[in-house]
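In the two assemblies presented below, subunit A is common to both, partnered first by subunit B and then by subunit C.
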Partner chain A sequence: MSGLPIDPHLAWVNLPAMGHGLLINIIMTFLTLGIGLFTSLLVTLARMSKNRVISAVAGLYVVFFRGVPLLILLYLVYYGLGQIEGVRKGPLWLIFGSAFSCAIICLVLNHTAFMVEVVRGALEAVPVGLIEASRALGISPRHVFFRIRLPLAMRYGLKAYQNEVVMFAKGTAVVGTITVVDLTAVANGVFEETYDPFTPILTAAALYWVFVNTVRIGFYRLDQHLNRHLITDEMQRRSVVVPKKAETSRPSPVAIGIAIPAVRERVL
Partner chain B sequence: MNRSSDRPIAVQLSGVDKYYGAFQALSRIDLEVRKGEKIVICGPSGSGKSTLIRCINRLEPHDCGRIVVNGIELTSDPRSIEDVRLEVGMVFQQFNLFPHLTIIENCMLAPRLTRGRSKEATEKLARFYLERVHIGDQALKYPSQLSGGQQQRVAIARALCMEPPIMLFDEPTSSLDPEMINEVLQVMEELANDGMTMICVTHEMGFARRVANRCVFMDKGEIVEIAPTEEFFAAPRSDRLRAFIAQILH
Partner chain C sequence: MDLFSGEFTGYARQMLYGGLVTIQLFLSGFSLALVCGTAVGIVSLSRNAVVQGAYRVYLSIITGVPSLLIIFLIYYGGGAMLARVFGHSRSFDVTPFSAGVASLTIVYSVYIAELVRGAVRNLPRGQFEAAAALAIRPWAAWLYIIIPQLVRLALPGLINIWLIVLKDTPLVSLAGLNELVGTAKIAAGATKKPFLFFITASLFFILFSAVTLRLSALLERRFARGIAEVKA
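For the complex of A and B:
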């Protein structure tokens, strides 16, 4: 034994298994986030609906699933539903019989409940003047929502979303409790075999750290790209935006398409 | 007397009422604007000027009376609202440019979505109107990179790209620094000289005198006085208008 609390050999030997565990976390995270984008937008729209019943149902959903601990939700869905014979014998067992799909369902329910307030806050932060200007231009309500309101809300909500995603990515560790072999579960397994209290857990922590920070950098890039319109310094913008000729008095044909020659004749 | 009285009616409001809860923002508004006419609406703040022109493209629904725009009556029917909005362009006090789109994208968005034209044709159109408001060289910038006056001219170009026969201006120079007011007024004057039907809420009395055919004075949700511009300033009939003119001309 060296003086280090970590056994490099043990860490190395278990790295492939750990990597596989991390992969499970990554898949869970992105699958849930992907589904969550749709479900949270849907529930948010319901929550903001003028129809009182629809809005109340959505509100109840948020209150309930924000309050229910994810761990208990997982137990209830995975172990609880299996107790009901109708579920066990029916076609739904294809879904509820699998720990992985149970985990995804619970994660989506939980994540969506937290996202509704983020999305709602972001949508409501879009200045009403911009919505009015779009309507005054004759743009249809559907286009106003998808072309103006949603794209701007995305920008407003990105920071809060990033927080939720990072918390959530680390929170996926809880799925180990219903037999999904994720990174934490792998680390626990190694601990139980070797009684080395540090190596597996610290290796797992390092892998989580790398994952979460990769996500963070991704968000940083996305933020820079989406909010390039806020950068007033031209040089700085150019370093952020995809290589695209910066504007001068003469329009760049690369940046704005093919119609330029005809237009330029008139301009010049 | 009125030279334009034989032209077709562009906008007609008759007996229009508008309430915010119990507060009556507009009461019994009657106004007829002929094609090609330039109308300036003025009055103290809270007099209902903005509400009035916002009713014309139904950013505010009116509660009573009739509003007919180029032969289309405004009702709660989404079709009629959509049709009227294609007839009427609007420029706001706060510019309201889409911050995440470049100047030319701001101008192209609505024509692309509503007219179903090709990207090339729309871009040509946008360039044409940006040139017309003297801002063609800023096409690829974002709104935040432009001065207030430039932004407001882009907002005018954006509205013109829909090629509306009627334009509404809701205090277009009120949030501009003094040195930028003229560049916007100049664009509006050029537009007026080209024969556009215009209804402007503004405090720029110099502009009103140069451009308007008739001026409307509003107070407490009512139209107090409508008169041809010269008469409006030289011989105001009501005490309220006399007091107002004395106040704004110092």
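For the complex of A and C:
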């Protein structure tokens, strides 16, 4: 009994196509993350708005797009909007006619909905006293938000953001269903040609694993960079107070006001 | 198409059936993952280096690979894997449904195991020490003392996973299972009414989540009885 029957030659031959597929996933992930930063901040501010109508609309948006599986959303946009005559004839077809842009739209809608809770949790984790102090110093509300509240919130929310980004990056695997030639679609294609059940899927899985863990390492570095003052503090304290048997997992300095579940911030 | 034509009622019945398949898939996948995940989580607390290493590898693979690929791997390769384990004499037919249940179990066991590990770590050490001091056997201590308390600690995270598993079930339709979303796609393609069927499917998921969230609030209150609420 050997291990799983993997055909190294087949894996090697298909590696360029798979790499191209992975590139599509990577581009999609980062494009969505970039757009998502703006849209999620916008929707979060709408959600936290004192105007009840705006807040309710944003709330409805969040409930809908968090509750709907990404797959349905993709079908709805790609197969649904194409049925509307006005969309097919009008200039919007430039956007909705291509599977790639449809996928981006769905991913942004989905990602933004999940980000609202992350951003809100992070913004609310900033101590109120700090904001009051800034106001008392006569700093304008706009500056209080962009210079004081937002930078601090970024640190508090980084762990939750990482969870969301990792889950979301893995979620891009379904875009193949609307004819985008991503990594999973390439792997599936190879399977259908060769009927080798292990090689293409395992190769794709390995590529994905590398991608996801690169993202994780990036976040770890960013976390260390943003919280460098806290980390040195922590390490000094640990070395003085608890010289032995310290908990291996560092109690995260970002865990000030927001609960960070071990799994994922995605709750309805 | 007339909304009350035979064609429409036919697809409506299929959607209903698809919804049932989704619920079956979801409940069996989640409950199996709950049982396996709790077991894996408790076993992984062992100090044994082999157990630790195996758990690390399992965790890393599952959290680094999309569940869709796991579903495909088990659906395409499950038969060959089973044939390897049980010998080539018998042939194994992996249905999309069983592949879906198996992959949901394999994937979400890890997330539940992580949750259980976190909950055990958050439990006061005194509970274990007291159980040991009272000479309660480890088996009984886990069953009657530790696990009941874990439920309270792990419940919020568990509800999170519950909703994630629910939203992962449509992925099994890509392995050929005609559950709700798969059926909706077929019906939408045949009737050229994509919005009708896809919005119906979305509402199913949203309503299902809303109902669970209501129930979960009750559950949380039930398991938190006897614990004083901290007033902020």
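The definition used in the following text is that the second predicted complex is superposed on the first by the 227 of 268 C-alpha atoms of A that agree within 3 Å, B and C clash if a C-alpha of one lies under 4 Å from a C-alpha of the other, contacts with A are read in each partner's own complex, and residues count from 1 in each chain.
Simple rule for what comes next: a contact is a pair of C-beta atoms (placed from the backbone, for glycine too) under 8 Å apart; a residue touches a chain by one contact, two chains touch by 3 or more.
These figures come from a predicted structure and were not determined experimentally.
Residue contacts after overlaying the shared chain place A:L152 against subunit B, while subunit C stays out of touching range. Judged by the touch definition given at the top, the superposed model places A:I201 against subunit C, while subunit B stays out of reach.
Contacts of A:G86 after superposition: neither subunit B nor subunit C is touched. Look at A:S140: by the touch rule set out above, it reaches subunit B but stays clear of subunit C.
Subunit A residues in contact with subunit B (one complex) as well as with subunit C (other complex) are 262-263, 266-267. Across the complex, subunit A is touched by residues 60-61, 63-70, 72-73, 76-77, 79-81, 84, 111, 114-115, 117-118, 156-157, 159-161, 163-164, 167-171, 173-174, 181, 184-185, 188-189, 192-195, 198-199, 201-202, 205-206, 209-210, 213 of subunit C. The touching residues of subunit A, when paired with subunit C in their complex, are 1, 4-5, 63-64, 67-73, 75-76, 79-80, 83, 166, 170-174, 177, 184, 187-188, 191, 197-198, 201-202, 204-205, 208-209, 212-213, 261-264, 266-268. Listed in rising order, the residues of subunit B touching subunit A in the complex are 57, 59, 82, 85-86, 88-90, 92, 94, 96-102, 104, 109-110, 113-114, 119-121, 123-124, 127-128, 131, 136-145, 155, 158-159, 162. Interface residues of subunit A, counted against subunit B in their complex, comprise 127, 129-130, 132-140, 143, 147-148, 151-152, 155, 226, 228-230, 232, 246-247, 249, 251-252, 255-259, 262-263, 266-267.
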